[in-house]
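Heads up: the structure comes next, in structure tokens.
Note that the chains take the letters A, B and C in the order they are written out, and that residue 1 is the start of every chain.
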Amino acid sequence: MHNRYFSSDPAQNKIAVELYETVKDLPLICPHGHVDPRLFSDPDYTFGSPVDLLIIPDHYIFRMLYSQGVTLESVGIPRKDGSIVEGDHRKIWQLVCDNWCLFRATPTGIWIRDELADVFSITEKMNSDNAQAIYDAIDEKLQSDAFKPRTMFERFNIEVLATTDAATDTLDHHQAILDSDWNGRIVPTFRPDSVVNLDFDGWRDNIDVLSNVSGITVNDYQSYIQALEQRREFFKSMGATATDHAALTAYTEVLSDADAEVIFQRALAGEASAKDAARFTGHMLIEMARMSSEDGLVMQLHVGSFRNHNPIIHQNFGRDMGADIPIRAEFTKNLRPLLEKYGNDLNMTLILFNLDETTYSRELAPLAGHYPILRLGPPWWFFDSWMGMHRFLDDVVETAGIYNTAGFNDDTRAYPSIPTRHDVWRRACADWLARQVVRGFIDDEDANDMIKALSYDLAKQTYRLDS
Amino acid sequence: MHNRYFSSDPAQNKIAVELYETVKDLPLICPHGHVDPRLFSDPDYTFGSPVDLLIIPDHYIFRMLYSQGVTLESVGIPRKDGSIVEGDHRKIWQLVCDNWCLFRATPTGIWIRDELADVFSITEKMNSDNAQAIYDAIDEKLQSDAFKPRTMFERFNIEVLATTDAATDTLDHHQAILDSDWNGRIVPTFRPDSVVNLDFDGWRDNIDVLSNVSGITVNDYQSYIQALEQRREFFKSMGATATDHAALTAYTEVLSDADAEVIFQRALAGEASAKDAARFTGHMLIEMARMSSEDGLVMQLHVGSFRNHNPIIHQNFGRDMGADIPIRAEFTKNLRPLLEKYGNDLNMTLILFNLDETTYSRELAPLAGHYPILRLGPPWWFFDSWMGMHRFLDDVVETAGIYNTAGFNDDTRAYPSIPTRHDVWRRACADWLARQVVRGFIDDEDANDMIKALSYDLAKQTYRLDS
Amino acid sequence: MHNRYFSSDPAQNKIAVELYETVKDLPLICPHGHVDPRLFSDPDYTFGSPVDLLIIPDHYIFRMLYSQGVTLESVGIPRKDGSIVEGDHRKIWQLVCDNWCLFRATPTGIWIRDELADVFSITEKMNSDNAQAIYDAIDEKLQSDAFKPRTMFERFNIEVLATTDAATDTLDHHQAILDSDWNGRIVPTFRPDSVVNLDFDGWRDNIDVLSNVSGITVNDYQSYIQALEQRREFFKSMGATATDHAALTAYTEVLSDADAEVIFQRALAGEASAKDAARFTGHMLIEMARMSSEDGLVMQLHVGSFRNHNPIIHQNFGRDMGADIPIRAEFTKNLRPLLEKYGNDLNMTLILFNLDETTYSRELAPLAGHYPILRLGPPWWFFDSWMGMHRFLDDVVETAGIYNTAGFNDDTRAYPSIPTRHDVWRRACADWLARQVVRGFIDDEDANDMIKALSYDLAKQTYRLDS
């Protein structure tokens, strides 16, 4: 359905379709996501079974099944202890299809449906009866050359795709892509959480890895900072234009070098407290802003997720298993120390992401509508949905305008869902703008510029991918 | 108006009407409410005057009048000191009608209007001129046999109605109903707040009553737990399928038996502090979850109301006088100790209710979309309204789906308003689903299943009323 | 466009137009704003250049420009150190027009557009090409007699306009207006922040000014209270009907006279702590409620703005420079001490304003729907926008009704934007009510009464301007 998702009001619908037409075929800018670079370094990469592709890596899917009593073992999620889980992918696929009603009116339901239709040409709705036939149809496609990641990259019309990579990553896959004769633009993103957040699993070991990969022996705060700067420079040389930082809260605090050193030494000795970790992260966010101001890497900050909320799931299956739950966020007070130092800096950009929608109108839009360094990332995670996007636009644009946003990120590890996710965003923006046009808040000229900015320009410019 | 409340968009309106038609005559499942069981134990029960029925028990009505300077005495609310209040019900009714404009665009205004029309066949809008005529019309109906509660129960097509009963209640009225030749299904609900929340008015006396009714002398924590278990077993034998718990916050904490004993003894001695009370309630919520896991009673938790906010009203008129005000709520951190122990338990269900809409998308939907024990109760109290329902569905369904909700509760002590309240919910769901259909998010098959689930199935299944 | 901003649904649009027609020409009640009274005391007052009128005083405009890298110096905002800033107003106007796209879909964009059209008869959209021509057109108008403030007052059909004046103001301009032969009703508002909030810039000096203007030597808490009472009496004699109070939070606390004295003496000695200031403000809010209860001045409370968030901007340009950022607000607990003493007082009114929309449905509507003294101010600051107004009505009316709101305030220092701001409110209310009518929640009679109340009556009555 060409005008799917748009308002059923005929006047608004017509304008939405017109606006959408102007952007639906624009290249995709993918400045933040979690696709594995090995998809592109290996020209013969294949995706495995439909379940390998669509179910096992998708925490949106198995979290919902789990909420209704379907065990993770039964959908093939590997256990940390190596004990046996369901290995029959046809059986897993059947189980998912038997429970597909759970995804009615959810973004997951929409993404999978649109992806099956647009990428796999499968237009039947998944159900118990057709489960095996759909499995067959996907499976057949996956074995064809048209479903090699590089081929799909071109078919998807992706202009640039950023991966997310640990600060200690040697970026071998990125190097292999650069060394190949393939011209797809895949860039890394510098994500130092595992060496910055003192309470990150394995932080101490990660510091040793940092020493190794940087060639700088990290044994005090000064060498630590030097090693991080070395890694940023390396990432930049490999094409990175941005960094990404996750924190439980947006708390920032300037520590003196002496205080930073004391905490850092405690951490090296395995004696850092939870408070140390929070203060050190808060300090390092400011330090990372300092580096961004100097090296020009665009800084991203994602806050507000209480990770691994369910201890049994964490223990049995590890991180990122659909058990991360948002908490209340605060930016006005927490970010002030950082903004005091760098908020007026015209050399850098800080993009904010969060999981507490109450901050959109109360804090984020007013902050972004004042501070030159700030841009607002698109609605994140649970809010990367039709209504989530509308709430974001409703709550943000009147105060911050659209030009203080960073356009769209798909933020996904589900590679074949990328076109669908961008399409939903472009449609949501077309629908939203059409409402503004039909009511006379903006005119056609405004709307045409705005839909292009939201669909393409803002992401490219904000992430400095236009050079 | 057959299509009242539905979107005026013709395409959406048509679908909404069609969906609504499929559920409007389904029986009513009333799994949580505050109707007095004596309405049904006494076959000759009568409601008194229109004011006895519609005004004096309805805090929604007199709170709004009070906010505009109408004293509670003048609408006949009895004072605790027994001093005289207005006793002329025709005068009270006139006063209410004189001020009826206050209820424009409020759920109270809608419930009363629809109730007068649908239950009393009165379609005139209340105003100063027709006040006495409407009084007469209601009064006449109330004296007819058709307005006996049991007769109305059948006319309302109620399949099952749960009352809410103190843990110390002997359930005599329920026994009388069971002993009668009437077959309406009225079940009790176990509500132990008055013996669990140490700061509840009269807690110490309630413990003595608990000893009496259970036959277990409660003099320490162990006998206290035994007595509660005895009461749950009794309630279950009387048809109860659920418990209900109110708390200021969702705070939970595991206390050791020794710590629980220390606090319990302080409470028995009248020396428990506010902090003791908060910790003990937090502990007892986990303990009640343990019991639910064992006996299968569905657990309900209502949080976030600052009770008796206005001390003068509390002093003069008592509890539940329209002066309860919501506070900010937090679930992600507060519920974690309980979820750590029982969140993955497939034997039990925990239904969450709250008065802070910001938690819908940020905490409740993500939690319910992961933990198997959780279901979300329908929008509660102030949010049991057309827009409150739409915000609930908008904020919850994309993340948790509809199958992690508990369908609808009318939660009312206003017996004749029950059909209206269910009708508003069914209409709101039809309207919401029609929007999803007309925009192509779901298809007709989905919508038909979903409207039935939201109107009937989910409440019945979640509260285990299907056995 | 006569039906601009209204829903494009034909049925709703038609009703909205009809409702709007009934109020569009009603006089404007302006009970809260920041227009300088000298506009009216001087019969020959002129506005200066288009930039003097529209840009330099408008923090909504230069904050957005600043967020995109346009310096405040380049738009002519004077620096505190007196160093040179852009003085060529044609160049500034060009810069603003070059960046006008930033205001797409913002209330600022709409106000300026509507104001240019309705007040200056300029219907072209501002852009780089027509910047100078538009400048000329505005400039020409500004030099005509029709653009004298008093003439505009009558053309705008303003019935009454309240200014906001420091407690220490001698109200000379107001006296001059009263002494003149001009009959426009301009009333002062008593705003004591600069002598009440101990951390206000220059508080100590302001106390001396308070002594001078009141003729009461303020050297202790008792004389301080007397001086404030004297000022209130003076303001009242000059036509004031209201007071206005700003605080970071809604915190209130009753201090004993002895404690108040201790803090007051510390403040006189320049030794008050931040905690002293917070407690003293909390106490003085209750004290001001006491005075309102006695003298009948309507009390306004604005909370939730973290002022001067950007230290560099504060240092270089001073207060009110677009760098005030909202914080989370709380009313249920914070206001309780005040409400315990005065919440049931039928002699006074307390109007609440806030910048945290989450409190609308959770706290403010329930509070206003119970306490007789409370009324809710219209959506404030960032939320004085089309969608901000709809969220306010959506979140508040179902619980509090419209009669516990205070109607509309324009709250502006931008005098020529006043008609536009009222027009947007009246249209927003018409649109919102039309939706309620077309869906059958209210009928035509209700809607006609409600649009008039929201557009005119409620502001006039709540602020006691009807006498």
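Everything that follows uses one rule, which is that a contact is a pair of C-beta atoms (placed from the backbone, for glycine too) under 8 Å apart; a residue touches a chain by one contact, two chains touch by 3 or more.
Keep in mind that what you see is a predicted model, and the values were worked out from it rather than measured.
Colleague: Edges wherever two chains touch, nodes for the chains themselves; is that graph a line, a ring, a star, complete, or other here?
Modeller: Basically all the chains touch each other, so complete.
Colleague: Considering chain A as a copy of chain B, what rotation angle in degrees (nearest 5) results from a C-alpha superposition of the former onto the latter?
Modeller: 120
Colleague: If you average the CA atoms of chain A and of chain C, how far apart do the two points sit, in angstrom?
Modeller: 40
Colleague: Can you list every residue of chain C that touches 2 or more other chains, as numbers and ranges?
Modeller: 9, 358 - these are the residues of chain C that touch more than one other chain.
Colleague: Using the touch definition from the top, list the residues of chain B that touch chain C in their complex.
Modeller: Within the complex, chain B contacts chain C at residues 1, 4-9, 63-64, 66-69, 101-107, 110, 125, 306, 309-313, 322-328, 355-358, 382-383, 385-388, 391.
Colleague: What residues of chain A sit close enough to touch chain C in their complex?
Modeller: Where chain A meets chain C, its residues are 9, 11-12, 330, 332-333, 336, 339-340, 343-344, 346, 358, 361-363, 365-372, 374, 394-395, 397-404, 435-436, 438-443, 445-446, 449-450.
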